[in-house]
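Every chain is named by a letter (A, B, C and D) in the order it is written, and numbering of its residues begins at 1.
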Amino acid sequence: MMVIMHEGATAEEVARVVARVEEVGAAAHVSSGDRVTVIGVIGDREELTGLPIEAMPGVERVVAILKPYKLVSREFHAADTVIDIRGAKIGGGHFAIIAGPCSVETADQVMESARAVKAAGGHMLRGGAFKPRTSPYAFQGLGEEGLKMLAAARDETGLAIVTELMDPRDLDVVCQYADVVQIGARNMQNFLLLAEVGRLDKPVLLKRGLSATVEEWLMAAEYVVKGGNREVILCERGIRTFETATRNTLDLGAVAAAKLACHLPVVVDPSHATGRRDLVLPLSLAGVAAGADGIIVETHPYPEHALCDGPQSIPTATFGEYADRVLELARWAGKDVA
Amino acid sequence: MMVIMHEGATAEEVARVVARVEEVGAAAHVSSGDRVTVIGVIGDREELTGLPIEAMPGVERVVAILKPYKLVSREFHAADTVIDIRGAKIGGGHFAIIAGPCSVETADQVMESARAVKAAGGHMLRGGAFKPRTSPYAFQGLGEEGLKMLAAARDETGLAIVTELMDPRDLDVVCQYADVVQIGARNMQNFLLLAEVGRLDKPVLLKRGLSATVEEWLMAAEYVVKGGNREVILCERGIRTFETATRNTLDLGAVAAAKLACHLPVVVDPSHATGRRDLVLPLSLAGVAAGADGIIVETHPYPEHALCDGPQSIPTATFGEYADRVLELARWAGKDVA
Amino acid sequence: MMVIMHEGATAEEVARVVARVEEVGAAAHVSSGDRVTVIGVIGDREELTGLPIEAMPGVERVVAILKPYKLVSREFHAADTVIDIRGAKIGGGHFAIIAGPCSVETADQVMESARAVKAAGGHMLRGGAFKPRTSPYAFQGLGEEGLKMLAAARDETGLAIVTELMDPRDLDVVCQYADVVQIGARNMQNFLLLAEVGRLDKPVLLKRGLSATVEEWLMAAEYVVKGGNREVILCERGIRTFETATRNTLDLGAVAAAKLACHLPVVVDPSHATGRRDLVLPLSLAGVAAGADGIIVETHPYPEHALCDGPQSIPTATFGEYADRVLELARWAGKDVA
Amino acid sequence: MMVIMHEGATAEEVARVVARVEEVGAAAHVSSGDRVTVIGVIGDREELTGLPIEAMPGVERVVAILKPYKLVSREFHAADTVIDIRGAKIGGGHFAIIAGPCSVETADQVMESARAVKAAGGHMLRGGAFKPRTSPYAFQGLGEEGLKMLAAARDETGLAIVTELMDPRDLDVVCQYADVVQIGARNMQNFLLLAEVGRLDKPVLLKRGLSATVEEWLMAAEYVVKGGNREVILCERGIRTFETATRNTLDLGAVAAAKLACHLPVVVDPSHATGRRDLVLPLSLAGVAAGADGIIVETHPYPEHALCDGPQSIPTATFGEYADRVLELARWAGKDVA
């Protein structure tokens, strides 16, 4: 890291920074310009993280040189991570469509959705049994009953299940049914949950937080990988901005930047990003063109009776047309969509 | 709520919306303008929440009329809620300073901080024993050992303890020591944690999420109050914006707006809002002037050796001057600071 | 529009709102719910714009029903506007690549860029002669000399010129050379400049402001069209958010939403959106897939000697490969790229 | 500045950066760490601004060491700038209230407002004769007629006039009447307007742009001061964020940060920041407490008939109470409010 001193910092202040850095075993190189002194610090990432140099007198700011994440970076592991989920591969040129209802409501609804996804060439089934809801008055999910409905749909269609874990106390029950454990956007920095899924032998789909930077998103993935679980799928689902034409702002620059910086697969969720069914297809295609390894999208047999997020769900009746277009573009982009 | 139809929506589409609304027992009033039809809907808040009218053909958008929260609103309960914590009152004209280190590091550090807070006329002691950290390589807190250090400082100074709960599995141990249970910004929409603290017989300090609207913040408080716990203290700690001169952007408009809309006490955290010690005093004063019921602020006996957030901590050596100024302004604003 | 009264608004307050509305010739329909009264107002858009109903006692808020723009909307004019610029068409299925250096620096630089754009199948030449620069110490552009260099490149290659107008006093000189007059992001709400270009008989490329909503962007276009100039090309170039991995956040949801709401062509500027050359191709492709009618992109013969925005420019040496990929996807999307 | 190379950058890439830097007369110091090479560059600010080092192969990013502004900085001029406007002083311990209607509508409206401001102890009169309006259908201001009404009010009350300049072609007419020339938020980066007012011998009130960083705001002031006009008053009027409870988000951290970084007076505009009359007083007080040198606020004799921004205007009838409270706090803060 580099420590940039205030104009007018004293020699004593510089000396105290050097001494503090050396205390933790790092080396300091002082370079005094015409107006400002800069101190280069070389040492162990772990030791330097959190060293409160900015609290010291005379210090203007500290600039990190090394990236704060390591295990998820391309520098650590150059090749794309490929994850195999019941035969559906994602990452490293393999593309997947993950689709299904926002929340599991009835056995029929799940089964109809799963059949539509399978028929359309989709690869995995999504559906929430434990739902994070902004309002305490809204439907909170069916819990284990919902997971059983998903499992029944998997039994018939063979589609792997992606479902959300919200509470560490539900870990066992969720893992009993899920093929991929989803960490929701509001839990991206729920560090204890990250630690829990870091111990799993099961892929994790990690949604980007509403106001998380790409760096924080990769740090959250680093938590999981550091725990021992290398199978993390990143998911961009829109960030919060001033714009109100869409529910969130889909950030495809983040998708492309994340693909360059890390080796994990990245998928795009156009449903939550926009909140508008009429924007789901164009933004799905945009996601594929930006380099995403998959799309996670909502479909529902009768959206106007959905208990959650009906306005953004594609009716199962037209899901085939939607998926055709997405898969055709994925093939154009050189992906394997089998 | 009101349903605004697209220009060109058909009579049949209008009729389907009316029918859907009446299905859940609500009443619909259709009003057709020159170009657009609007449907007023009157019914039960709970029934209407989540009714996916926007998913229906011909619907442009849905506008809520009633606020989505109820129990925390001034309409439900006009008078300020006053919370008494070991004799320190907050809300309804009572003002409190809550101060201490970001994280509990050593028994001495906590004790020195507590003595400085007490001597300066502060009302409660803050300190984290379980720490949410963006990096898995950063110090994660001392756990129960840290809670014991806080309790020792309370024993000597009489200051009540405010400390964070991150994991529902730690509820018992945290409650064994804490006088006020803090829910951190990253957990503001951790709904299961809100449900847990909603069952407590202990005040909750609820930090606003980094990208939470005032409405979502009040909805989070509604979760707690709906669970039965009416003692919630709201805390504004800065939101995430494009600005980089400060770590976050302290939103005092939100403080004033929250005070008008709800009856709960609201405090301001200038330390996390700015990340810069040189801005803590001006923004503390600004918070008091905006109407805050208290300030929660970081102090540390030797910030440059802090394991967390040193750059924004006020040294205990100068904490008295800081507190004098804040308390003087609170008195000017008509608050009881005893 | 609809006026939502506070809970507890008096009958007299309601009556005053009704009277105020009727003063400007509009009709008011009062609808009293259990807790809240709503007043529907039907009248002329121009009369109601700016009527300060929210300033009246008892009023909670006002909700607009009609969109604030008219001439640019699909409701007013359903079919795509197609603009023909020296034979290059854009909009209504016609796709164009507009490319060139950020700023005009030398005759050679412009000519080399133009040749590369032409050879790659690009349709127009971009280049700034008047430059808006954040720093007064940065290069401010060559002025008319630069425009002459662009004209020379047009003479040789036949490419139409897109260049920025910053100052109404430069209108004549810019129009003497430009085929398309660009209004920069920082001038999107420079209403006098909008009025000026609204009087032109020349297409206008209108960049979205850094923090402009889609609605404000369309309102800016409405200014131009209301002035009599119907040939407006909208340009999304990234909005300002908290994210720092990219210079701005490219908002392709806005592109797709604008295409649905208005009939004007929309292009995407991946260079300014990202500020990173390595992200230009993926985000160009994403823009095309989202439905953009064109791409405006920076290319430079020797980016590391550029006076402006070198880091995001594609070297002319590789521009052909870039354009091939973009045009191939445009064709896949059903566009005419001739 | 410092150039941080990619991990894996070659010795040749490093050498090219060094050569490029030396080309413009700067000195380069190479420092190779275990994994990353950093190049410190010392040279002239003007030469280095815009040098496209980030465009060079092997470069990860460039970190500026020196601030990009100079003349407005505390390092250049440590003491507060005090500006005297017809006897009203602002800055350096002098506090001023600038008040009046959003837009000038009638002679009576202006005169009544001016009398109320004067009677309340206010220092200057604000009022717009040229209005930037988002909608082309909204009232655009009275032009010179409006300026004459302001002048008549000045003649009677002695209050100096603060009014907006939007168009460089209006410079003479505006300067004929204005005592302080206001540059609106949407024109903060209208660099030609900044250049024009930089040549004036009249104070400039420079509003912060809706999405401008503190650094960009100070850079805009640097444009004016570099032109020769040292009398710039900065004005914080709220930034654009995701929050919708207030029209904008008042950023008092920016006020305090700007006061530390530069020597110019800073005022706060709580009216545009909130758009809500009920929040104007608390946020005015907060602004004073944060260290502002003045408040610019809207008052109107009959807000519900205002042509612009009625909902946020304080009625002149209660303006005295408002001003009393603000001035009392300014005195508490040690300001001279004479």
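Convention: a contact is a pair of C-beta atoms (placed from the backbone, for glycine too) under 8 Å apart; a residue touches a chain by one contact, two chains touch by 3 or more.
Just so it is clear, the structure is predicted and the values come from calculations on it, not from any experiment.
> Have a look at A-D versus A-B and report the one with more C-beta pairs in contact.
More C-beta contacts join the chains of A-B.
> Could you tell me which chain lies farthest from chain B when each chain's centre is the average position of its Cα atoms?
The chain farthest from chain B, judged by C-alpha centres, is C.
> State, to the nearest whole Å, the distance from the C-alpha centre of chain A to the C-alpha centre of chain D.
Comparing mean C-alpha positions, chain D is 39 Å from chain A.
> For chain A and chain B, let me know how many angstrom lie between their CA-based centres, rounded off.
Result: the chain centres lie 26 Å from each other.
> Got the chain D residues that touch at least 2 other chains?
211, 240-242, 244
> Where on chain D is chain A touching in the complex?
2, 4, 7-8, 29, 31, 33-36, 38, 40, 42, 63, 65-66, 75, 240-242, 244
> Under the definition above, what is the set of chain A residues touching chain C in their complex?
211, 213-215, 238-239, 241-246, 249-257, 259-260, 273-274, 276, 278-279, 282-283, 285-291, 329, 332-333
> Quick one: in the complex, what on chain A touches chain B?
20, 45-46, 49-50, 52-56, 68, 132-140, 166-169, 186-187, 189-192, 210-211, 216, 219, 222-223, 226, 240, 277, 303-313
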